[in-house]
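Paired with chain B in one complex and with chain C in the other, chain A is shared by the two complexes that follow.
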Partner chain A sequence: MSRREGSLDPQADSSISPLPHLEAKIRQTHSLARLLTKYAEQLLQEYVQHQGDPFGLPGFSPPRLPVAGLSAPAPGHAGLPAPERLRLDAAALSALQPLLDVVRRHQAELNPRAPRLLRRLEDAARQARALGAAVEAVLAALGAETRGPPAEPAAAAAAAAVAAATAATDAGVFPAKVLGLRVCGLYREWVSRTEGDLGQLVPGGPA
Partner chain B sequence: MALFSVFQTTFLLALLSLRTYQSEVLSEPLPWAPESLRVFINSTHQCLHLQWSVHNLAHHQELKMVFQIEISRIKTSNVIWVENYSTTVKWNQVLHWSWESKLPLECAKHFIRMRSAVDDAKTPEQSFWSNWSSWEEVHVQNSLGHDPFFVFPKDKLVEEGSNVTICYVSRSQPNNISCYLEGVRMQGEQLEPNVSVFNLNHVAFIRETGTNIYCKGDQGDSIKGIVLFVSKVLEEPKDFSCETQDLTTLNCTWDPRSDTGLLKQLSQSYTLFESFSGKKTLCKHKSWCSWEVAPESQEMYNFTLTAENYLRKRSVHLLFNLTHRVHPMAPFSVLFTDVSATNATMTWKVHTTGNYYTLLCQVELYGEGEVIQRNVSVEVDGKQLFGGLKPDTEYRAQVRCANANHFWKWSEWTRQNFTTAEAAPSEAPDVWRNVKSVQGHSVVTLFWKPLSKLQANGKILFYNIVIENLDRSSISKLLSIPAPANGTELNLDQCLYQIHVTANNSVGTSPASVIIVSGDPGNKEVEEERVKGMEDGFSLSWKPQPGNVTGYIVEWCDHPRGPLCDLQWKSVGPTTTSTVVSSDAFRPGVQYNFRIYGISTERVPYLLEKKTGYSQELAPSDNPQVVMSNLTSRSFTLSWKDYSIESQPSFIQGYHVYLKSKAGQCHSGSEKAVLSDDAVCCKYRIDNPKQKTFVVENLQPESFYEFLVTPYTSVGEGPHGAFTKVTTPDEYCL
Partner chain C sequence: MPAGRPGPAAQSARRPPPLLPLLLLCVLGAPRAGSGAHTAVISPQDPTLLIGSSLQATCSVHGDPPGATAEGLYWTLNGRRLAPELSRVLNASTLALALANLNGSRQQSGDNLVCHARDGSILAGSCLYVGLPPEKPFNISCWSKNMKDLTCRWTPGAHGETFLHTNYSLKYKLRWYGQDNTCEEYHTVGPHSCHIPKDLALFTPYEIWVEATNRLGSARSDVLTLDILDVVTTDPPPDVHVSRVGGLEDQLSVRWVSPPALKDFLFQAKYQIRYRVEDSVDWKVVDDVSNQTSCRLAGLKPGTVYFVQVRCNPFGIYGSKKAGIWSEWSHPTAASTPRSERPGPGGGACEPRGGEPSSGPVRRELKQFLGWLKKHAYCSNLSFRLYDQWRAWMQKTHKTRNQDEGILPSGRRGTTRGPAR
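Now for the complex of A and B:
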């Protein structure tokens, strides 16, 4: 069975049938992801501006460690089947929402006079949840089942995120700033990855 | 001898014992040595807190003691601090002492020990040191985590300009850890093989959200950082002042200067303490505070305003008498009563306090170009009468008050406007006339100028004209002309008339202007004199008249060429025989004619002199239409009879006749002239502007000539336009 990366080839998976409403859903979710990619970039820029040097300086790059178990998209992500990629996208977006909340709460204390940053963080948390839900809806419409490691219940995932973030903030303001940088970076990477994954499903999109 | 020896030996032994007893280190411990020494660590404040006690004190015994405390760093032999702490020790008391380290405690091991001595003059024989306690080791590094290195202090709050010591503690050695402040590499010193310190001197305020300091390993796989919160130095409040409006509440204000608020520190708080009452209040606002004054209580207040933040306190003091700090509220209920054309009574109220205080109130009245100021003493109600005001005028009044006995501050102004009533016009209108005789009767146009505001005393509603026939001693007409008319036309016969003109407002009538009009103007022929205009008008003068005149009038038209003359006039007194006439309507190139009248005591105007002139003469813009006639072989006649010299832009003084010919010879009566196009011609000059013909003679037969006639004036001649061509006939032609 041929497996063209990212295609909706009926021969590749007979459970996936391109229906008009599915196509519309994919297009819509792809457009949302594209928009949020732009917002995520703006959020990252806004974030580093308010933390002070060296945040935002070219030579400053803290280690890209996982946050509450969430890492950046793996190098092999693009080689996975479309449903698997979308599952990973949805899981990451779901995990990002509580992390963004934690970052916003911390920034509300550290930068109370930066309303635009706080608003962007609040919007990002909400938009991450919305995009994750939209991706899951696409998956459901594709008829794909949830496979791979069992997903933690949302509350437990949120608690783990908060615990990891709290540990960082307890370690001091600098680690909290680094955590926020990491979370904003992960958000940007996963939203961009989601846009790419959906783009390949859009009829007429790149194969 | 032996006894002496024994005694000597005993003495020596005793002396030795005494000396031994008095040596710094006793073989037996001092009964009041410090015991139960405990050390507590406060990492956040980089402080060590010591607790100990002194046993063997009797119940209720108090002993003045001194404790010598030594602190070492890294190893016990490296003593970095020695301090003597004196205190009175009681039975069963736990003693405390604290020490702040410049270096974060996590950066190195610290060791503490102490010893004591009695410091009591009553027992000098006991003033010697006890044994040192054992070194107590303080090692925070044991409680650190498992990361490869750490940076300290974590999130410290310091004041701008202070010195701060940062360190990193590494688990491995050697290490290639580099540290940066705001992205700029810092140079440090090695304290121990795995500890380096960085001394930051005079740290500057960068931002409220702190200064980032981080260190990274050479692999870049680990980054540790801290944020240094640099606070602005809390300043002493400036301009601390208190005042009261009503003797029941004091309002204290100050300038808080810089806000030292940061993430790690709230903005500074302010507390007000009054020493005579012992009361204190925490101020809710950062630049003012209210204080309730108890009725019938103290008059003197001694305030201390304290600004406090996490790091520092600053205080300022203020001592004052309450009654000397009265800043009254603004007066109210400002009213104006009994307002007439020239008077008004102003009343106002002031806010009273429990004890009646006399206030000094300042009243100001602003009118048109005048200011009236009054000072009034007031206890409850104020009143001020104003006289000499102008009728029909709006006045702006304002009043403010202050404590009359001990001036502190004026209250705010309270403002109110009012308008005085109208009064009858105070001046007669300025009236003039123009008389035209038409077929046995006279058309008399009366003109008058509007009264000024100062003269009108109100809105002029109409003008009354009373026409009295002096020849018949009867009143012929009574006219009422509504304002804003400024003239009227009367048809009168040839009788002598006396005309009264008055202006009327809602209150009354102005004095009358009286003018005598005769059907026969009877003006003698008066020669017209030329005058020269200046930049600001025409300067006119005339001969004073013998006999009595009540005044002179200069009359002219602003638009002498227009369909409406727009008659203007200027009245001057009987002793004035010159004036400058100015008008915005004067234009260059326009001839203005001035008639100067004297007004007799019988109010009859007599024409005295005529003047004419241009405010600015202009060269003629065109030439006369010339007709050539009587052409012969030797001459021809030029005429321009239709050319009017009156309607020119300047006074025509004469004419130039230019004649061009091939021969180029000029005969007597002419002179050679070169035109602007370098053409050579002959020029004839006519000096009489009234001459309208000229004969050109001494011509050659069968010859071609060209001619031009142009007027000349004091400012130039007419344009050198196209010449008219003529050819003389053959002399034998008939």
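Now for the complex of A and C:
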């Protein structure tokens, strides 16, 4: 498998050129990721606004609680082959959807009069799933494997992550606010990472 | 459970968390402070307090290696560092806080009370809910659109400022029987409103009330009793047309159609017309139109654009004796009076149907008569315009006399006539 970034063909076989529909799919998914990156930023701003200070203050640095089943993009992510990066992007986006649901449910109790925040969280959960599915479609078109684990263990892992998140929020309102901030932050990081990874595959895009 | 736990509004359904996810959380690491491996617990966790009350809180540090110290810890509330004199070290690992005369919470998600390590890292947090219990909601008013639904509005007690999220629930039931029902469609016509879309009974009274609940308590409004038929409103009259009356420079004719949803029930309906000059904000109201669907406005300014609106009150529907509720005004319709050098007389009124000469045979004959007079009786000043001015003057004189006597020209019972607006 070629480790050269920007290569659409993991075999780096110059006789096989990308199909037009694959290019179109990559461009389309990249555009979606770019749009969702903007929305993720707006979600984060809306979120901190409704939690009150110190959330949103410059220098606010709560403990970076680990979220079961999901971590931030690793420092070495950019050095991985394109299909591996996209696989990690898709897995993270898939894991984000139920976590965003948990955050939305909790914010519905904490901030019931914040319809825009609740709508953004609901949209983010749907958009994470949609972007994840689109990335998996790109991977399939590239001829690369999409998911590593089979469907059932993946679903069980998602349920476990949700249960862990719910348990964390049960520990108190402040930890729930912090967890929500963490999840929204991870959502922003992963859609932004996905945009970057797809951007490198767009013909004519940055190498 | 720590003291001061928030009430039912804040608590979600709790279930014992599964062991596996907790293990996952532990394997991945419990929440860690920025420096070292210390964490803390604040007590009480998420208390609910009355405005003006006091709070005693503690921050207990634990971690690895053991022996974490309370020295250097400090508190912030909503991001602002609290004065050191409000804190004291209880023991080696516990810092206490005393707050007095608390103000209402700054945000409904709770004030953020945070315990920090010496280096500023966050060790723990607790959210304070400081506010007031709700006061009794009041001033409930309801209306039914075409007898099909019911919308109610109310005023929250104490102008709604409790500093806590307060839930309002509109309840209703049939007066003599039936169970309590809860309205489900809120904020339809403002923040304190609810809409009941269907399954409403007529000819039987309903009892309606509002319950307000927050973390500190609840309150219930007085009960409003009403029959749907007594609070009916309808749509504005459709198809409002405004047109000139021949060459008459001081008159416009207004015609409309009964609101179709109640057209079979509107034989006692009342209508109002309002009109204004194009560049004015002052409306004049004609409110003795009764159940006609046409009216002629007289005494207008020549060569002027007028905006006209009509609304309907479904008075007397199904025999209701109550006043009924005016519909919204129809969309403005505009028309202009013909230009003239002579200004028309002031004031405006709707000419009653009985005395209104149509553009039919009577008017034609009158025109012929006036023409003959001018020719044979040398009455050069006679004109149709003069005739209409005479009629408008007669109308005003007749109305004034009937007002003094307490009856309207049509002989119907009087209605409340407010000032022209």
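Following the convention adopted for this analysis, the second predicted complex is superposed on the first by the 186 of 207 C-alpha atoms of A that agree within 3 Å, B and C clash if a C-alpha of one lies under 4 Å from a C-alpha of the other, contacts with A are read in each partner's own complex, and residues count from 1 in each chain.
The criterion applied here is as follows: a residue touches a chain if its C-beta (ideal position, glycine included) is under 8 Å from a C-beta of that chain, and two chains touch if they have at least 3 such contacts.
Worth saying up front: this structure is predicted, and the values here are computed from it rather than measured.
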So, after the overlay on chain A, do chain B and chain C clash or fit? They clash
Partner touching more residues of chain A, chain B vs chain C, is chain C
*Once the structures are superposed on A, label A:Arg105 by its partner contacts, choosing first (chain B), second (chain C), both or neither.*
second
Q: Once the structures are superposed on A, label A:Gly76 by its partner contacts, choosing first (chain B), second (chain C), both or neither.
A: neither
**Prompt:** Which partner does A:Pro20 contact after superposing on A: first (chain B), second (chain C), both, neither?
**Reply:** neither
Margin query: Under the stated touch criterion, which partner chain does A:Pro66 make contact with: chain B (first), chain C (second), both, or neither?
Written below: second
Practice item. Once the structures are superposed on A, label A:Pro54 by its partner contacts, choosing first (chain B), second (chain C), both or neither. Key: both
Open item on the list: Taking the superposition on A as described, I'd like to know which of chain B and chain C A:Val178 touches: first, second, both or neither.
Closed with: both
Dual-contact residues of chain A, meaning touching chain B and chain C, are 50-55, 57, 60-63, 109-111, 113, 172-175, 177-178
Per the touch rule above, chain B residues touching chain A in the complex are 154-155, 180, 182-183, 206-214, 220-227, 263
Residue set of chain A touching chain C in the complex reads 50-55, 57, 60-63, 65-66, 68-69, 105-106, 109-113, 160-161, 163-164, 166-170, 172-175, 177-178
The residues of chain A that touch chain B in their complex are 50-55, 57, 59-63, 109-111, 113, 171-175, 177-178
In the complex, the residues of chain C that touch chain A are 6, 9-10, 12, 14, 17-18, 20-22, 24-25, 28-29, 31-34, 42, 45-46, 76, 78-80, 106-114, 121-122, 124-127, 165, 167
